[in-house]
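Alright, structures below, take your time with them.
Next come two complexes built around chain A: one with chain B, the other with chain C.
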Partner chain A sequence: MSLKRSSVQYTPSYITLLCLLCNREKAEVEETLKRIQAHKGVIATIVVNAEGIPIRTTLDNSTTVQYAGLLHQLIMKARSTVRDIDPQNDLTFLRIRSKKHEIMVAPDKEYLLIVIQNPCE
Partner chain B sequence: VYTRKRSEFGRPCSFSDRPAKVNVDIPPDPSMASDFVLRNPVDSYVQHTSDMSEHEVNTERVEVESRGVNHVEGGWPKDINPQEVEQTIRFRKKVEKDEHYINTITHLGTLMEHCVKQNNAINIYEEYFGEEEVAEVEDEPPSAKTINVIRDPNITKRTATHLSWHPDTCKKLAVAYSSLEFQQNTKDMSFDSYIWDLENPNKPELVLKPSSPLVSLEYNPKDSHVLVGGCYNGQMAYWDTRKGGLPVEVSTVEVSHRDPVYGAIWLQSKTGTECFSASTDGQVLWWDIRKLSEPTETLVLDVTRKGLLENALGAVTLEFEPTMPTKFMVGTEQGIVIACNRKAKTPPEKITSTYSGHHGPVYALARNPFYPKIFLTVGDWTARIWSEETKESSIMWTKYHLSYLTDGCWSTVRPAVFFTTRSDGTLDVWDFLFKQNDPSLSLKVCDEPLSSLRLQDNGCVVGCGSKLGTVTLLEISSGLCTLQRNEKTLATAV
Partner chain C sequence: DEWAAAKTLVKPPDQLELTEAELKEEFTRILTANNPHAPQNIIRYSFKERAYKPISYVDQMAIHFSLNGNMILKDSDEGRRQSIRLSTAAEKAPVETSAVTSEETEIKDEESTGDTQAAGDEEAEGSGTAEVAEAAEAEEPPRPRAKEQKLANQFNFIERASRTLNNPMRERACQSEPTPCKNFSATANQWEIYDAYVEELQKMERSKEKEKTKVQIAKREEEKKKGRNLTSLESQSDDITKISKAAKIMERMVNQNTFDDIAQDFKYFEDASDEYRDQQGTLLPLWKFQYDKTKRLAVTAISWNPKYKDLFAVGYGSYDFMKQGQGMLLLYTMKNPSFPEYVFSSESGIMCLDFHNDHPYLMAVGFYDGNVAIYNVKKATSQPSYRSSAKSGKHTEPVWQVKWQKDDMDNNLNFFSVSSDGRIVSWTLVKNELVHTDVIKLSVEGTTMQGPEGLQLQTLGCGTSFDFHKKIDYLFLVGTEEGKIYKCSKYYSSQFLDVFEAHHMAVDSVSWNPYHLKVFISCSSDWTVKIWDHTIKTPMFIYDLNSAVGDVAWSPYSSTVFAAVTTDGKAHVFDLSINKYEALCTQLVVAKKKNKITHIQFNPVYPVVIIGDEQGHITSLKLSPNLRRMPKEKKGQEVKKGPEVEIAKLDKLLNLVREPESK
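What follows is the complex of A and B.
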């Protein structure tokens, strides 16, 4: 939603309106993350930015930072591998299945969405 | 001695011109031409290529080490102190309000949800078709291939005298190194023995540092962290791999053996801490590793049953089968195999029977894992198979080879297959159901004599140690390590 900036008076009601709109979009994010967390088998959800700062996490800080640091390097390596093979291609998703659970990473230029799930087996 | 005054250094040289002067003039001597014959035609080759030379280059091996990274804190911008909770919360809230963030997360969220739901819907690793019937075993010729070679990292190479596989994982191998030549120990020979991890054959996983080289080394089958080793000077030592490379305890010298401990085996006991050892000084000693200051029991290998040490035979190998905990067998230097009963009341009765048949020391002794009454002995130039009931002679024996046999063991999966190693570096695989005169497979493993042999529990991988400390791991073809259907019945018939 983009609003025209010119000739608008920042009355209190207007500011409330702006906040509400922002909150609605922010609420969308909240809802998405909560929905993912509520799925069966999901252990943790983490949102990290490109510098390794956890924006949103359901785990403790030290584990989150550990995941962030290690997965960031792996994503970069995976992306460069995909692009080396075909420069038109790009990495969209990464899934690591281990003995105990599955780590799914959705990468983006700025942020990383990491979900750790225990697949039903 | 060439001397020169210091003041004369650095003087300019004065060269002078001189006309050419003949120093030597040798006229041709026609009488020498009679020694030579004119060659006609002359062979000469012409090739339109450029001259090339060949060089070999081998790069030095780069030592690679894997290390982990511990991330502690993310890359916060300079103006934010990560310890301050307020500042970090404020930063997070700021990021969450960013429009770009919102769009990205919604997009990524849909992607992620799709995968999460996928995971919950089907199990992609489920076995859909049950175990298919195993195809008919083809009659392929037996073969073996080397999968790994582990060398002694020291400069003075020592013999790999004993190998022991890790009881659970089969990915680790403990090798005892020592020099068995009489008085050949050089000053710089190291005493270390190693535990190797097969994933990393260049560097040992753990270095065991005894006070004297180890002749035998065994993993405890109940507790895979504990190993017992018999030393060259007769002491017994035990290690705990969690505690590092120095022995946790060493037996006292006065009560230990007086000769190298050639056999050390763990016993089946409730505590899992008992073992026994045998040496060429004629004694078999039982130990509890919690108290290595003195043995719990001793037995003198005197065949005349008098218990005299002077008459005792030197033991070279020891055998123990966990299914028969009171009986054990000892192979001696004199070529006799002694079967003993530990639970006999008086010491003379401990020795139940003897089997003689070899001309030289019995280097290996093994019971068939499927038919415990049948056992294999390896010594001098033959390998013999005995049955416990027939005491006069062996029931089967191989022909006399050209080189003497150094070690042997049964296959753990096939009752009719056994392996032997020779001093010319050959590994033989015998299958007495298939061919009784010759080995079914004979492989030259290396040029130096092979000194020890050990089969992994799954029966497919065999490790051979050689005189120069090289341990070669061979994988034998599946025909030799999968049980044939009628093999057990055929073997019983024999």
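What follows is the complex of A and C.
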């Protein structure tokens, strides 16, 4: 199928539509995060950016900073390990189960999503 | 005489005794000027030649006596100075005798005339080359008539020095700008190297593309500029959308934790008590899916996605004629039981849906108001991508079933729909528009009526379900509200190939056997499920289930297993190869009695069925091992797998049933 490039007019309405779309995605993600937080047993949700600075959190500041810093380093190490063994591979998820609760980390290209859940209750 | 006497030789006692001849020997003695004490062979090390070499000339001078004298030349500077001093000293001491003074005056007089001579007489002349050397400094002769004490210092020493001009020192430094330094550290791992190569590859590919499309560069640049502005805007505002993928994975993980036991059951649990249950099986309830917006809606259609085996779509609507509201289409995944992945809404209740086999993101949907639509899951909107309308030939009655067909000759997507208005319509997606073609009109035989003005009107039957043959493309079955099943061909639009008088009430579902080419099953609200061979007019097997049967489905793993659901909330699973007359499992699936089950579907891969009910709930159940029995292999024989085995299995059964008939 030949792709013929038709000239796209970036009218103001088109731009607002694009913004609306990305707002929609934003709303979806926000909703997902809220659902996760409201899920049974979830203690806390933290979003950390690429430099290890927490962007969103439901915990108090000092604990958040601690979690963010430590887990950030751990994820870098884990990812480096996985990719060292096979560069085409990549880390998708990390779960640390401890006596008291479970820490789940989902790494992304730029961000880190940390959720602490108590799975037993 | 005394002298003569003295001439007698006196020999010392230690004199050498020599012979006369030896006494007369003459010894020559040469007088040389050589120093007898000087060494004759001095050897010195020569660094130039790096060897020891004898010195060619040895100093022969022998000094016997040396005495440093203290006599200085009268005419030398020192001599003159001393003479002057003596003269002045004589003036200073007038106590001395007149002879001395006169001597001094004489001296002075002589000095005034020729001082050097006088001084020289009195002074002693001395040898000494050293003194001459000392006095070699250029000095002015002292002032002779200095009666006054004008000497600056004791030694009558005047020094006059001159110095070169020393340029004042000034430090001047120049420093260049320090090159800006930055600390850089990085690791070089396998993956970093790999990433660098991948980036390089992508750059090369992009440059190749640019080469290919040089014509449209100008246009593209413009668009790119605008696009770039837009992306910068977007990147500032969405911080959080980039985390959508991670959030999705996280939600699934959280759910997995919460529903951990169910997930373990789904994966690993096999009911061990099936051995003791004597061929009966059970259905183990797994997850339950519900969404609050569909609480008042009934599940009207369920379908598994052909590509992702854990994803299924559920259509919501209402079977009640009086209570028609909006409809919803939800896509759930077994990995996330608490929230649907995709949500679509519509104004009219959805009655049926079907996934396209090759494009698993496209779903065809039929509505209660007779419209059909295509939903594209990839698109973000919750509205259908294409929709039929009254102008484009929608049905006048609810659409009961839709099914995708193979792409037509122009590679357009097309699907069929069947409705109570008696038409089977083929919809083709031509350039973003749905174009309809009537394939067959279900005319009921023998019911032509006399309409006004003498027209012959055919009443049409109401189609309620249909199914296409898996292998024979043109062959399909249609079930109607009158209880008849028509065997039709796509190529014959006016006539049916065959008619089966199947049931007494509406046929709710017909389905071809996935393995056997001739067998199909039908179920109806007249409480029966019937299995047919399409070449024989009477059913092979009939099962009475004591309640209106809502849906029936063949299992994908065996040609003899099927499941049916009844409106009293029970699910029945049959396996013909084990028990031809009774269900292996009859289980109450839905708790409340008010609830009716509407649909059932087998998962194509996992031993799971999903059942939808009238309150909008979906229940997933795991089939116990007894329900999934494969034929036992005899010892020593290879286990044959594949559709041929299944077909043979069913054939064997059918033959048992058919034989009395053929007789």
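Worth pointing out:
In the analysis below, the second predicted complex is superposed on the first by the 97 of 121 C-alpha atoms of A that agree within 3 Å, B and C clash if a C-alpha of one lies under 4 Å from a C-alpha of the other, contacts with A are read in each partner's own complex, and residues count from 1 in each chain.
Here is the rule we go by: a residue touches a chain if its C-beta (ideal position, glycine included) is under 8 Å from a C-beta of that chain, and two chains touch if they have at least 3 such contacts.
Not measured: the values here are computed from a predicted model.
If you put the two complexes together on chain A, you find that chain B and chain C bump into each other. When the two complexes are overlaid on their common chain A, residue A:102 makes contact with chain B and with chain C alike.
In the superposed model, A:36 lies in contact with both chain B and chain C.
In the superposed model, A:83 lies in contact with chain C only, and not with chain B.
The superposed model shows chain B running into chain C at a single listed stretch; among 1-9, 109-117 or 397-405 it is 109-117.
When both complexes are aligned on chain A by C-alpha atoms, chain A residues 22, 25-26, 28-29, 32-33, 35-36, 39-42, 47, 49, 55-56, 92-93, 95, 102, 104, 106, 108, 110-111, 113, 115, 117, 119 touch chain B in the first and chain C in the second.
Those residues of chain A lying in contact with chain C across their complex are 5, 7-8, 10, 15, 18-19, 21-22, 24-26, 28-30, 32-33, 35-36, 39-42, 47, 49, 55-56, 80, 83-85, 87-88, 92-93, 95, 102, 104, 106-113, 115, 117, 119. Every residue of chain B that touches chain A in the complex is listed here, in rising order: 69-77, 91-92, 95-97, 99-102, 104-113, 115-117, 119-120, 123, 125-126.
Residues of chain A touching chain B in their complex: 22, 25-26, 28-29, 32-33, 35-36, 39-42, 47-49, 51-56, 62, 65-66, 68-70, 92-93, 95, 102, 104, 106, 108, 110-111, 113, 115, 117, 119-121.
Residue ranges of chain C in contact with chain A, taken from their complex: 187, 189-191, 193-195, 216, 219-220, 223, 226-227, 230, 233-234, 237-251, 253-255, 257-258, 260, 338-339, 380.
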